[in-house]
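To keep things simple, chains are lettered A, B, C, D and E as they appear, and every chain counts its residues starting from 1.
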Amino acid sequence: MSAPLLKVTGLTKAFGGLVAVDKLGFEVAPGEVIGLVGPNGSGKTTAMNLISGALRADRGSIRLGDAELVGLRPDRIVRHGVARTFQLVRVLGSLSCADNVAAGLAFHPGGAFGAGARERIDALLARVGLGGREALPAGELTYIDQKRLELARALALAPRLLLLDEWLAGLNPTELREGIALIRSLRDEGLTMILVEHVMEAVHALCNRCVVMNAGVLLADGPTAEVLRNPEVVRAYLGEDVETDDLPPPHLPTGEAPTQLNLDAGGQHA
Amino acid sequence: AGPAAAQAGPDKIRIGWAVAKTGPNAPGVATTVLPNYKLWVEEINAAGGIQLKSGKRVPVEVVEYDDRSSSEEAVRAIERLVTQDKVDFILPPWGTGTNLAVGPTFHKHGYPLLAATAVTDRAPDLVKRWPNAFFFLGTGHGYGEALVSYLEQERKAGKIGTKVAMMSVADGFGVDLGGAARKVLAKHGFELVYDKTYPVGTQDLSPMLNEIKGLAPDVFIAFSYPPDTLGITDQAKVIGFNPKVFYTGVGTQFPLYKNKFGANVDGVMSLGGIDADDPAVQAYFRRHKEVTGQEPDRFASPIVWVSLQMLQQAIERVGVDRAAVSKELASGTFDTILGQVKLVDRQWPKLWWVGQWQDGEFRGIAPTDRAGARPAVIPKPAWKP
Amino acid sequence: MLEIAGLSVRYGKHLALDDVALKVGRGEIVVMLGANGAGKSSLLKAVGGMVKREPGASIRLAGTELAGLPAHRIVGAGLALVPEGRGVFGELTVRENLALGAFPHRGRAAEADNFERVQNLFPRLRERLDQAVRTMSGGEQQMVAVGRALMSAPAILLLDEPSLGLSPLMCKELFQALARIRDDGTGVLLVEQNARQSLAIGDRGYLLEGGRVVGSGSAAALGADPAVRAAYLGVAHGEAA
Amino acid sequence: MLIVDVLLAGFTLGGMYALIAMGLTLQYGVARIMNLSYGEVLVMSAFGTWFAVTRLDWNPVAVLLASLPLGYLASWLIYRVLMMPLVRRSGAGPALEVDSILATFGLLFLLQGVLLLAFGGNYYSYSYLSQPVDILGSQVAANRLVVLGFAAAIGLGLYLLLTRSRLGTAVRAVAVAPRFAPLVGIDVWRLSAIAFGIGGALVAGGGTLLSMFLPFSATMGVVFAMKALVVVIMGGVGNLLGCLVAGLMLGFAETLVARFVDPGLTLAVNFALFLLVLLLRPAGLFGRVAR
Amino acid sequence: MNALPSPAAAGNSTGAGRLALQALAVAGLALLAALPWLGADDYLIAVGINILQYGVLATAWALFSGPTRYVSLATVAFFGIGAYTAAVFGETLPWPAVLAAALGVSLVLALIVGLATLRLSGVHFVIFTFGLAELVHQLVNWYEVNVTRTLGRYLFVDISQVQIYWQLLALLVAVLATGWAIRRSRLGLALQVIGDDEVVARHVGIDTTRAKLLLFAISAGFIGLAGAAMAPRWTYIDPAIAFNPVISFQVLIMALLGGANRLFGPLLGVLPVALLFELLSGSFPNHFMILLGLVFMAIVYFIPNGLFGLLERRRQRAGKEGGK
């Protein structure tokens, strides 16, 4: 394994008496995409906040390449090449989509501003599937599209490490497929990512390695398939009966014909 | 218009004023200035107008503005009166700051400025700078010095000791008067046991009063503003603070003061005063009350009135030529409710510097040699509950 | 029990919901399927009175017309909404949020029981009763939102993506709980991207597209339909049995 | 008795500050109306009291029985008639702040204009209960004790009501998230109008109490409004206990500085204290909302 | 409190419309510049001074408060400090040096203030800045009373009204030019982002403290200069005159009314409000307050979104109808 891009050691953050992240340690190699999973409230978002500088660690170290990130302000950390999205989307609602991306482009070395940025803005918007909506105020986008916009903004920062906090939550299967494909293409370009996800399908599809947290501490760290079979992980996080691929229809009145099923999918509104 | 027209004179005289009807200066205007202006206009017009030399009576017509207690608004309003309304004379605004702010504008356009509510130590310089300006209310030093000289007399007479406590409002007025008093007190060997300022708008002066009471001074001096004056008196009464001399600032002379404290006002000293037994003064009080529904204060009100009487008489003598009126004001002698008045260096020489509430009236006690001066009641009677 | 007809919602020029009619019975879980932007959230908000309805709508709950009522009265009448984005009172504590859930009169009688029930359903909330909701994790806030809605003892529960952000384990437990709630006689109108699980517990379902209801049927029938499977269950045509 | 002197002065002054701020904290914290005309309402009530006391020979404490309900009614009406269109229009969004500032600024002028027409610009004052009360050898005016008592009673009482009762929790819910309050069946309009009304009752009561010992004039409203705002923000918006504590802190700071440092610095120290508190606790002493 | 409506809510102006408006503004400025030669009398100049003064203040205020939505009531702190600096040095230093001193003092004050305040937000910031202005007032007062022992300074300098007028006009042009330049710069975008969501701003690499501080200082510098330019008009300056909080409020109201998110928005608010004040106080000195209050409320109820919003909606409607 090459030298890690990100190396987290002994990371600790407490809120009052509650230790949300407790002596957390893991590494991410360049080009790697890892999944950060764990039960609700296990400290995943807090860990992301610590890495991106939104919160300041009580103890521990976060090294990105040669740089120590603990103690730096978020805007400094961004310049070191860390970008993120938020669990609850935070687009700049009063700005246009284009300006949202422009904000990502303008304030880091290697960024661009003004006329020189136009092309890159358009390309980024197109990439996340928002081509043609440049002038629309971001506040008027649907939730999903706002998530896309947030990703475009994060990508505009040309990050070395991208933190995605439940970016794939709330998508339907079709959209999920698209989303996974998008992230996969980023991975194929060599972007290093940490994915916080509860959608196991995505974790399976995108991450070769998983870090599992529980109650602030590291529960498991290893290849995805292996980790997600770990009995402790199953008990704390996944629940006993793992995904069945088909529908167990408990209420299927046997033999009953579908009532009044008249699908005109892709019909007149397409 | 030829000489004939000038001979006939105008058929009306336009008078303008811009005073604070709103903002922090409004109470001062409403107490001291505006009632006098109204009374003046009322009396003149009731008599058919100002009688010019030609014998013709010309009524006055008023243009008024609100300066909203702002120097900038005041300046602009005066410019408006001069250039838009083209009034013949402008009555001054209230207060030292505003009078000084509009000074250059009066000066530039040659209008006489009868500053009857400005107290400034710079008055002697200002009259040199602005030949049309007249100052009626003396200098801070005047009040400070007169008060202390008076106290000095009483001390020599053995009526009071040397311990003086002084508090003053942190504003031009308080600083000027306090500064003067401080100097003279030291010169006369008084011991200043307490000497502090407080900011304008302080809502509770009781900590200062409590501390002062603990120092047991013979003389208590507060160069205060109306709301503070009321608060100080109230607190003194509550804590039973009874110095031999109890002196408070502006507001003491207001009718409101007597209404609030009743018989307790007797013996309280302040600046200003009046010879209340003078029939002319009594008549003025009566008219003021009749026409405006309120009593005048016993400090600047009569002086504002005097300045108006002088203006009227000057116009009667020389007409509406502003330069001539200014000249007449500077050199003439006028017959007013406060007797014969002749300005010295365009300043009023004969102020009541110290007054005291006695028998329900705020009477002048210093200068002691002035006609109508009363001997002071010292010590002040203790507060009654 | 809940009968909706002629429900339309307009945002400016855009007709987000077009003449929708649907029913939710007592003790029934009805699943609303639809793509991103189909109008599912708008539908729930319109029913709950949180967005303006176009005139002509009828929303009858057990025979009572609710369409003319403001949002707070609708809750009082027995419709509880867990909106998109949760709508919790971030500055208040978990306990206060839950107590407010019982603010409508109908919630008062069984408040203590419901409080217990919600805490059993989400043990995490029991541990954190005095934490300000704003400081909780995403999934924990989702628990508060669902719990608060349950506190009003609703006749009909309107849920907009309640599983969003919940861990797989929590998600399963939530769906089991919904099944229990249904069994207690509450009607549930469920908007979920997790069509697999929702159809698994659902009784009936509707398909919403471009603001119109374009299909409906029993959960099983929907789950068996190839087009639905392709669009909402992530199963390609002909892939599954 | 130096200590008793300082304590008494600090408590009574602080009580007064708290009193004038409590109405505002309800109006702003719950009904979300940044009421710039607040001071005018206070002064109006003071004038009303003055009139009742000097012309109708009422007892000032009895005037409270009139000014509290009148204050409630008037404010309730102001909310329903003047403010509700604005709240509706803005959907309780950010535009409401601007609109309510502008509208109540207009109201400020209007009310002050009416007061000036009716009473002129003069100072008004009357004497009531300015007898000394002896406490441990220090004298304090009875009227100030009355004010302190009212401030403490109202502050604590309403605080308990707001934190301990369901209605109170609902009021706070409206304060923190008016958009979501209907989700739990809260009638935001009614509650806001009630809160605004109660705020108005408190201001009116405050005006009556204040008139017992402070001289006032038609143009003085702004002074009170600004003081109230400072106390409200310092205590934490919408928090009555915060008002009480912040008011007392300011009162004590002022008293201590006047006594032991320099009375010339009282106001400076007051503002410095306010700024310091905000720097340490950006949402105020008891505030939780950051933005 | 996000007291300012978002720029998007204020509507988007069309390119052509904006150009027309700018042309109009330039023409207006030219007319203003020529006013003293067009035989305007002292009063007209005085009205012009008033409008220009508030024009500078409101535009400079909106430079910072518009995009960031940090509503400042500290305007008068800088205005007053500028005026006071002029009063202190006015009679001893040459006038340009006085202006430079005023600029310097306001900048220093803004930096100190900015460092302390800018972590506050919403209404807390608003009241904090109000408190700050009062604190500065009180401290200057205390210093004058206890250290220099002269309260109230006299400023006799040889500066005519017309010269004041021109100084203010030059300032206004400078503020507008600065605002125009900022809007087109990275800094402008940074401020918009900050105004929308400060957390996001930091996470896209904006040094928010620096950006806010920079702009706060620029804005304060202009305000301080305006104070210095105005000082010679009053002869006598004491802290109560220089630090009159009404100025802060008036600036706020004017800028909000016009529309704080547009470069020319504040000016659009200044003009009618200043004229309205003038008209009402001139014609109805005794009912001024009542009428002003009524007019104000009418504006709020009938012209939401500020005058700029009104204009833009009008134009959009006209544009649409014309297009059909």
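Quick note on the criterion: contacts are C-beta pairs under 8 Å (C-beta built on N, C-alpha and C of every residue); 3 or more make two chains touch, one makes a residue touch a chain.
Only a predicted model underlies this, so the values are computations on that prediction, with no experimental measurement involved.
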| field | Between subunit A and subunit B, the fewest steps along chains that touch one another | value | 2
| remark: Of all chains, the one whose CA centroid lies most distant from that of subunit E is C
| query | Looking at C-alpha means, what's the farthest chain from subunit A? | reply | B
| task | Between B-E and A-E, flag the pair that has more C-beta pairs in contact. | result | B-E
| field | Averaged-CA centre spacing for the pair subunit C and subunit B, given as whole angstrom | value | 76
| Which integer distance in Å separates the CA centroid of subunit A from that of subunit D? | 48
| note | Here the gap between subunit C and subunit D, centre to centre from mean Cα coordinates and rounded to Å, is 43
| In whole angstrom, what separates the CA-based centres of subunit B and subunit D? | 36
| query | For subunit E, what residues touch not just one other chain but two or more? | reply | 6, 9, 138, 141-142, 145-146, 286, 288-289
| field | Touching two or more other chains - residues of subunit B | value | 21-24, 170, 197, 199
| task | Scan subunit D for residues touching two or more other chains and write them down. | result | 112, 116, 262, 264, 267-268, 289
| Pairs of chains, among all present, that meet the touch criterion | A-C, A-E, B-D, B-E, C-D, D-E
| query | Considering the complex alone, what residue numbers of subunit C touch subunit A? | reply | 35-37, 84-85, 124, 135-140, 142-143, 161, 164-173, 193, 195-196, 199-203, 207, 209-212, 214-225, 227-228, 231-235, 240-241
| remark: The residues of subunit B that touch subunit E in their complex are 21-24, 64-66, 68, 70-73, 75-77, 79-80, 82-84, 96-97, 100-101, 103-105, 108-109, 122, 129, 170-172, 174-176, 179, 197, 199-200
| request: Going by the contact rule at the top, pick out the subunit A residues touching subunit C in the complex. | output: 15, 37-42, 44-46, 87-88, 142-145, 166, 169-177, 198, 200-201, 236-239, 241, 245-253, 256-265, 267-270
| task | Would you tell me which residues of subunit E are touching subunit D in their complex? | result | 1-6, 9, 69, 116, 119-124, 127-128, 130-132, 134-135, 138-139, 141-142, 145-146, 245, 249, 252-253, 256-257, 286-297, 299-301, 304-305
| query | For subunit A, which residues are in contact with subunit E within the complex? | reply | 52-54, 73-75, 78-79, 83-84, 90-96, 99, 102-104, 106-108, 111, 113-114, 137, 139, 153, 156-157
